[in-house]
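Consider the two complexes below, in which chain A is the common component and chain B and chain C are the respective partners.
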Partner chain A sequence: MASITAAKEQEVREITRIERIGAHSHIRGLGLDDGLEPRKVSQGMVGQLKARRAAGVVLAMVKDGKIAGRAVLLAGQPGTGKTAIAMGLAQALGADTPFTSMAGSEIYSLEMSKTEALTQAIRKSIGVRIKEETEIIEGEVVEIQVERPASGSGGKTGKLTLKSTEMETMYDLGSKMIESLTKEKIQTGDVITIDKATGKISRLGRSFTRARDYDATGPQTRFVQCPEGELQKRKEVVHTVTLHEVDVINSRTHGFLALFSGDTGEIKSEVREQINAKVGEWREEGKADIIPGVLFIDEVHMLDIECFSFLNRALEDEMAPIVIMATNRGITRIRGTNISSPHGIPLDLLDRMVIIPTSPYEEPELKEILKIRCEEEDCEMSEDALLVLTKIAVETSLRYAIQLITTASLVSRKRKRTEVGIDDVKKVYSLFLDEGRSTQFLKEYQDEYLYDQSAGGDAAEAMEVTVQ
Partner chain B sequence: MAEDWLGSIRRAEKTAIMQNGKRKVHYKFPNGHEMAEEYSMETNVLLRRAWRKKTDIRRPSEWEVEVGDPEHQFNNVDSIGLKESSNCPYLVKRITKTSLEWRIRNLPYPPETYSVTADTNERCLVVRTTNKKYFKKIPIPELDRVGMLPDQSLVDFSHKFNTLIITYKKPEPVLQMEKKVIEELKNVKDLKDGDLDCNPS
Partner chain C sequence: MENPKQSLNHLKAIEKQAEDILRDKSEIVALDRRRNGNREGLRALKKQTNTDKTWFAIGPILVKVPVQTANKWLDKDQVTVSAEINKIRSDMKVKVNNLRDLEFQDPVPGLNLKPLDRDEMNAINQVMGGHV
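This part shows the complex of A and B:
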């Protein structure tokens, strides 16, 4: 049994390998059990138990979907897992709940005003589930043929034969469809549906007529009847779009010129009001359902006083999402004013928030995180090298230690070794400075750098040269 | 029902133009749907009719042809990677003076394979094959528009040159309705070719 699950894990990892590895790509959830109690190490999350528990409560609130317009602040020192918790929350919410992630500085754009950017972000975080009639093809797979072109160039082509109880049709396949057929592992005897508008394939199960092919059935195989009637039919499907998408589509049809500006331009407030009214109408008729999602604003201290007061009001709307903000600032100036305030956020907005603090990691936790990152970055590291790396993380920062993983693994590969040892870590530690050592270095050799106060004359000269 | 169709034609915003010996009429209905028709100028028979339905959340969809030759589809296989094979059966509807006519091309099976029945419950014609290779429910909007049910005695079909031809004799109310619509369209002023005003914004 254990080997089966291991094999499965392998398979899942195979698929995720296609993606590139980002700073938080090891996170797969919040690492909570069913009772929302945090597990010590789970789903890529380590430590920070209290904060994760609190995020779990927020998760329950979002899933409930009744409470609108709450704000949550994640506050803590740099590198204490604020963004990781937000990412974990996004993963735990699932694909159907909208989660928008933005950085505070993203709202400063020349193309639109700050409030427009914020409004768009808010509306991106609210989903509408709508029933729509689309054309689908539903049938049992009789045959799949894939031909590779003999010349080796050009896409694959193929043929797919589907049948219902009454008819049979042959379809030509393009490379896109062949790819998704192989990805879904569709084979003869499966009953599938294909959405004609999007090309999305879903497998309903295996046909009852194939129930005797014992070797092709697993424990989870579901048997279904072969579909009746026509292969192609109109069916009501339910899908989720965000309010912003509805805005964009409806503002486009209004003016010819809107086509050229794309979705970056501003959307008129009348359009939004119309859509709100329409969505409300749909909801009353039972045609649509509103799913409030989550808006995550990282580096929230970058917002200025106007944005904060706009948020104050926006949160009162009953269509507002749950807003999660993160900051690593202590008591500092609010942008756009001369007033200092905790986290650089005005007191009236702070008053509306619940604050989740994150605390610095302990040494064992750091080690655990580094271990997870090593796995994520496909790097074999010896136990003592990991210990050294943990020491580095304690003395400098976690981010710096994580940077050393891949660099050290590259150095060890050049030395043709299978495992990263202490020497490799030492080597990269000497090659790359951390922030502390770099500062010290600068202080020592300040006189020799350009544009220092002590070398004013030189600086002026240099300026003149660049002007020419 | 009968008044409804005529009423919606009357209420629609209509534009007409003469081109290549055909009179083309474009309808825009209050609910956002669009319909385009082509009439023969000699016989006043409808040659083509296509619909474009408006959806609330998606972009305007493609034209759906109700009567006449289907639109050509170029490289459709690239959009989602799936296309009906070119030798699959396909349906074309035509209207003549006295009857409605459907041709299903690419049906190579012997004539005794086919059966066409009028289904009054589903308000459509059902084409079946005994070898279970083809099946189609054909709706008859003309009958729906005058509130009639399909009648088996008016259906006739024959098979020739790999094509199944189904004819349905137009009952009197359908003929009346067509006449009324033609009358209505006489009130629409024709634009001259190239007379379209072009103000893109």
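This part shows the complex of A and C:
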């Protein structure tokens, strides 16, 4: 039963993911077997066996809570599946572990400082598991009797009969309970819960056995099963909130409004310290579990030296998440300095990280990925076309080939064909330039463009910034 | 699976634990039925003002006892029943985790946490957008 609900939650998560990161919507996990050995093609993952195996080891350590406060770097050329591995890791962690994904450049915002943005991201990646416990009376209403006193003065009294599948009992009601029953418009055949501590009555819906009471029912009528078991239940619900969410309630009086407007602004460090103290207290009393989650920073070379030194410090905090970073840079300048360093990351931070390299895909792997993407985008492609597309992917890039899938399927639909053929792929290949051909074209006709800087340094530099 | 006897023993252990949990569940239902019965009885005794003796069922025998004594008995029974239900509920948590362990599943997360206070929960509910 529990596993079914867990699976459902996973599905819900996936849907939100699809909308955010379309390019990796086909990833369902890391594609490892129970022994953490990678399968060749599984859960949307293809190839990168070594990197996936390494990610699997990281995953196992995260699950055991072992590597909190450490960092992992995924390094490799563009289009070698770094983000895919991070997404797979997130899926494999399950719904209970917080996973925050951000791009390195997200921290540059006018509304808050860089370190504030980083702190928020870090605190979004730490979960606090807490439990809510309520004593409730849950049952189907069999009968409500209300007696008005004959004199007209004094409160009303009444009786409420509730039943579950196992038993039936009668409660005497005071005037206050009768008032809330009338306010909630409770009638015979409704399934209700009464909170024992507050006396709050809520209506869950109408019982299925009463479904035929009326021919016409409103669309909002919800039918539920008659509750099972005992009438007086103890309901325990386990919630997972992130530290950032707890920060938000306490930083403002109108807490939840701030959460929905999306503008949380900066949160004072005193508030955070208070929250840390409170959560620490809860943990000691056995009221809360801390779940170190995962913070994924894509394009980490976009962070500058200040952020790196901040991260260095933040990783040492006792409540630190696992930070996974991805970069596609080789030896390059650290942003904000003139120093060159591998991956554009300072050496001291690099020293703290576990580095997982990814290598370029081989041709059969590329074909497999393109096939998966075709399925994901609901595009029927003929075997020949797929071969051509694979060749394109080898010669240009995987991303370009994936973009051709969508465009080619549009072209084939225009021609009223059910399957994408070689012609369609050729057509879009000629319509849309890949990065290489575009550069070639620019080089050829450079003198006809405006503001020509007579080639050389500037143009090359600008190119480096735009092509990411 | 190579060793049928061992597998059988394993299955037996699982079934035993599961059966135990189911038995506990029906025990809680029976106890709650008794609790509700007692409550109804107490309420009826309170309403009945003019007599000082009342009929009381002890098993299959009906006895006439003073109202005060009947009240005392019922109250005492209520306390015992509530304590018993609480005990079974907390034991059941351990049993469920044992069962999951036998089935090679992870324990239910957060099952053994202590609940938050009402005020604390209200604050948390604000974040989750639930009822306050």
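Keep in mind that, in the parts below, the second predicted complex is superposed on the first by the 318 of 468 C-alpha atoms of A that agree within 3 Å, B and C clash if a C-alpha of one lies under 4 Å from a C-alpha of the other, contacts with A are read in each partner's own complex, and residues count from 1 in each chain.
Basically, contacts are C-beta pairs under 8 Å (C-beta built on N, C-alpha and C of every residue); 3 or more make two chains touch, one makes a residue touch a chain.
The model shown is predicted, which means the values in this text are computed figures rather than measured ones.
In the superposed model, A:M61 lies in contact with neither chain B nor chain C. By the touch criterion defined above, A:I249 lies against chain B and chain C together after alignment on the C-alpha atoms of chain A. In the superposed model, A:L173 makes contact with chain B only, not with chain C.
Once the two complexes are overlaid on the shared chain, A:V142 sits clear of chain B and of chain C alike. Legend: residue contacts after superposition of the two complexes on their common chain; A:G229 is shown touching both chain B and chain C. Of the two partner chains placed by the overlay, only chain B lies in contact with A:K196; chain C stays clear of it. In the superposition on chain A, A:K131 makes contact with chain C only, while chain B stays out of contact range.
By the touch criterion defined above, A:L433 reaches neither chain B nor chain C.
By the document's definition of touching, of the two partners only chain C reaches A:D96; chain B does not. Residues 130, 132, 166-167, 169-170, 172, 197, 229-230, 241, 245-246, 249, 255-256 of chain A are contacted both by chain B in one complex and by chain C in the other. The touching residues of chain C, counted against chain A in their complex, run 25, 28-29, 31-33, 35-37, 39-40, 43, 89, 105, 108-116, 118, 121, 123-124, 126-129.
The part of chain A that touches chain C in the complex is made up of residues 2-3, 96, 129-133, 166-167, 169-170, 172, 197, 229-232, 234, 236, 238-239, 241, 245-246, 248-250, 255-256, 259-260, 282, 285-289.
Contact residues of chain A toward chain B in the complex are 130, 132, 137, 159-160, 163-180, 194, 196-199, 229-230, 241, 245-246, 249, 252-253, 255-257, 278. The part of chain B that touches chain A in the complex is made up of residues 55-60, 77-88, 128-129, 132-137, 200-201.
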